[in-house]
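You will see two complexes here that share chain A, one where it goes with chain B and one where it goes with chain C.
== the complex of A and B ==
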């Protein structure tokens, strides 16, 4: 690899003169030092806030440690405990995967639909776009509180409206079968980010392709299927993969919803067990929190953390494999 | 065909008339669907706001609109012990966090976008990995480090200090933006004998202003919205809670008072929405950068 600062090739320049080798070498050293200087904040951050804690997590996953007594070696006991004796692990895993599939699918389909709709709207586009985008900005805790209230079976306006038109209304956050769908509604409400991404991609589809398809007599669906989709497929894939990665970190909304809907805030004295109702909203990140900071079983918490790490990195690898289209290497 | 006079409508054949009617129907269909979708996005805000103005008793009923408008609910929320402290803490965390992240991420993003060096691709790969890492993966050692070694639990410093060492998402977003700045400008500055740091400061930064604005906004909202961080480090000390963390306990303290809880919710959402109206462009630009430009 060259030590040129910029990707473009430059002529050899004065380096070719008598003491060229000397200048070239000191130039190279200076260029390396400069790179290190510019990168230094992140180099420290990477070591202290990524590499070190990751190695520590692996280390603690083999230790018995409660934060008070010194850690002692436990070998694979934490691992076998989590996978076969921890009753909450598999529900948490299932919920996380459910959210990664259903919630992400709903968000992508709805986000694409709204993105298509906004490109078709000809009057008041700016107003519509702003209104569609606003929910994405709502702070998660505030949005979750609002939805627990809106979907409250007793006093919530949604169920009032549903019953007014004769639809039997579910108990949403208070019903194990409906808690995840309720979270999905909340996630779909905040689809503004995907709308913007899809909108930009849709506007980039070459007009000529639509015109050609129209001349060939393609129906609206055929135009979508054979012109739009192939053109935006990298963005769809990007939305799916980043959505799945997001699902792996899904934490604030389910924990706030469970606390508020159950009325158990985990304040002084009472311990809050996440997942209300019946572990239906328990996700892997919450299990890490619960094991580590609720039960002070740091070893088991680190095992779950590593499972989460493996899942997330698998998705990231998927993103990186399509780097050319999705991330862009800059060359 | 009738003969055209100045008062007649333009002559329209049946085919064109059909096309026009179709276009009009299409317009109506698209805009009705648009309005229906807008209702889905907006009604939650409306119901939250209406409930925030109800009396304590009415908030327990199924009424949708307040009988009388209790604007004093907002005063009651602001008078709740702690609420203004949480507000101040949120501003501190978000304000300091944003400044630190922007200042520390710019040079890194610049190096990744415009320098050629061994390990550039690997560095970018690691930045992206960090960005995708759920914060819960490394929280146990991080907590032990800040609480046991640094003795900083019960404060927001464990959340603020790391921001001085670059944030992966900010670095990535800025890099994407800096890639769009033509190399010729940097080249020209260098030929004129401008040092690398001065080039960044005088040439690149002014051009990167929209990208920096987007990163600053995203960082501000990330901190403002953060729930997990304050829960880990500040939960034991209510004096260090942020709005996002305190809001949930507010519901606990006011068990049945949905009106006050919704008023508090409005107060937490309001700054975000206000800032958005002033900085729409930067936002949309930022979201687009993450997904589309490569």
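== the complex of A and C ==
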């Protein structure tokens, strides 16, 4: 289509009105450009750090690519390999979901509990706040090393204590059934960040509502259920959503625990297969790393990364949908 | 005013070009070395050694090289595992290595097939190196893959049996066991229980008991990992089922997996003084020749004996064989100083004095035929045992594969499930594992 055919299609009108329309349009274009200009920092960031990586992840999920040789087309082979031929995929998926549900639930309940306790006690709040917040400051690797040491089945003080009082001590990080609960204990120990957020929310609940509830004869549980919870529900939602996203990215603690507990700390050149014991601590991000930067099978790694992305999106969408119910009850 | 939209356009264009550049970086490795090896230059050398004495030995060796090549300065970076090495070789960049060493011979297939290490053929031809007169067949074999030579051997390792002579005497055992049946009896005799644990364990058979990995056990049964078509042999070669069954009988005979594994968690670091063999927690240990130096450093309080590992009962004629491995060394394909890098590789791998000095310093088996004969090699009787294992015609190593050690990891995963008693049907389990290995190799091709 050539441009000189355009004017004939335009309705003929007085020259003045055409001029006016022209300036109007250029104004609109200019304002659109200005909008784009103001948005450009975000657009650039979105493009570079989100859209481009996402599109290339999708692209490479259909390719064979090892980082050295030019990528070659592979169709759906990577996808079928991951879903039906990669035995570690389903354990990793289950572990990630387990952590997203159990670990996040434990952290939120515990964080809220500690927050409640500390807002209630009269003396020494500063000491308790510091005590509960401190573990959060420990670097993840150091904290995990300390926990593997404390929970060592052979030499750890926790098991010595449990055995001394006659309780059968689990093998913690060395037992497939206990490895994830052990990681949950570690996560609960570092609940200081949530505690602070919950404390701020709890102190914000209007006192009059408690007084009114008390006058109506509400019990402590009823006051919590019908006054506290509705007031802090947006914060609970925030804690759950960020917790779930965190669980989807869970990498450092399980890999350090697996390495130390298995005794394969390195030194030799052998590559470390994460998940010890019995794939029980293998998470999807570890699988992405292992496929991508251990085996250099970027195609399969991209498939797992996309699955992880879809999973996070689905979980967040589900939780945000429930938001109406959660926040609504407070109104 | 109109400046802003233009700036936005520039920013967008810049973003687009960054994206294009990123997508253009597909790492096409140039294999032409054009640098002058006599020019003043600095090269970077990555290796995996981490124990202080080993790091010192490698630094001494490099210092000797720098003295001989005053124009080349070598920046040494230690404690590098294969994952880190592979990532750096793919990323390239000026902080990456020019020369790289790795302990995992089973990763050579991956290094050569993908081109992660440069082809050494042009360099070997340039210097007219006769490999057959320099290295033994086994060493030549594990440093190439399907005809592509991307690495050279830098010292080698032989695996044998360390035993606590004092414990042997106390238990009335006069000589190290030669067959696996004898070994089982000896291991039981040496074991002293204490409560629900051990005062001393005869042998830690678990696959996580440091060097007791499946591939090291396998060398004592005649076996082949892959058939002529490159398919996994795990189910077809009876040696694998025999080894797994025998190892499980050791585990069960010494107290069962759970009890042994709990005892394992009381062990110290493999590369430190608190290794369970040093502390007397275990009386026998499958290990490489380098342990001799660790034993000296740890000043253990008992006499240490060394022998080849036992063999399968029907392979007594082959007693003396063992698992062989070694460090491999190669050149990064992205390096712009490949000729200078080759000078270091050549010196480290083929200069007899360098190889002998390094072998003495680090306590490894020398890799060249010339160095093995050298009168300067400091060997005591115990070290000679390892030299003999290294020379034994039936000694073997793990095969190379296009996906490196992935097939070993899969086999090890299965072996660990089996020793715990999680595999009800060994034959079917091995068939499934073999099929998995084939699928992984197909995916990597």
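Observations on the structure shown:
Operating definition for what follows: the second predicted complex is superposed on the first by the 262 of 331 C-alpha atoms of A that agree within 3 Å, B and C clash if a C-alpha of one lies under 4 Å from a C-alpha of the other, contacts with A are read in each partner's own complex, and residues count from 1 in each chain.
Rule of thumb we're sticking to: a residue touches a chain if its C-beta (ideal position, glycine included) is under 8 Å from a C-beta of that chain, and two chains touch if they have at least 3 such contacts.
Just so you know, these numbers come straight off a predicted model, no measurement behind them.
Legend: residue contacts after superposition of the two complexes on their common chain; A:33 is shown touching chain C, with no touch to chain B. In the superposed pair of complexes, A:293 makes contact with chain B and with chain C alike. With both structures placed on the common chain, the touch criterion links A:183 to neither chain B nor chain C.
By the touch criterion stated above, A:171 is placed in contact with chain C alone, chain B being left untouched.
Of the two partner chains placed by the overlay, only chain C lies in contact with A:81; chain B stays clear of it. Counting residues of chain A touched by each partner, chain B versus chain C, the larger count belongs to B. Of the two partner chains placed by superposition, chain B and chain C are both touched by A:44. Once chain A of one complex is fitted onto chain A of the other, the partner contacts of A:93 are absent, as it touches neither chain B nor chain C.
Of the two partner chains placed by superposition, A:303 touches none, neither chain B nor chain C.
Contacts of A:103 after superposition on the shared chain: neither chain B nor chain C is touched. Residues 34, 37, 44, 48, 52, 56, 67, 152, 155, 263, 265, 267, 293 of chain A touch chain B in one complex and chain C in the other. Residues of chain C that touch chain A in their complex: 4-5, 7-8, 11-12, 15, 18-19, 22-23, 26-29, 48, 50-51, 79, 81-83, 86-87, 89-90, 102-104, 107, 110, 114-116, 197, 208, 210, 258, 261-267, 269-271, 333, 403-406, 409, 412-413, 416-417, 420, 422, 436, 439-440, 443-444. Partner chain C is touched in their complex by these residues of chain A: 33-34, 36-37, 40, 43-44, 47-48, 52, 56, 66-71, 77-78, 81, 85, 87, 152-155, 171, 174, 261-273, 278, 293-297, 300.
Against chain B, in their complex, chain A makes its touches with residues 1-8, 31-32, 34-35, 37-39, 41-42, 44-46, 48-50, 52-54, 56-57, 60, 67, 114, 117-118, 120-123, 128, 130-135, 137-143, 145-147, 149-150, 152, 155, 157, 160, 189, 193, 196-197, 200-201, 204, 235, 238-239, 242, 245, 248-249, 251-252, 255-256, 259-260, 263, 265, 267, 284-285, 288-289, 292-293, 298, 301-302, 305-306, 308-309, 312-313, 315-316, 319-320, 324-330.
Residues 27, 30-31, 33-34, 37-38, 40-42, 44-45, 47-48, 51, 59-62, 64, 104-105, 107-108, 110-118, 120-121, 123-130, 132-145, 148, 162, 164-167, 171, 175-176, 179, 183, 186-187, 190, 196, 221, 224-225, 227-228, 231-232, 243-245, 247-249, 251-252, 255, 258, 261-262, 265, 268-269, 272-273, 276, 280, 283-284, 287-288, 290-294 of chain B are the ones touching chain A in the complex.
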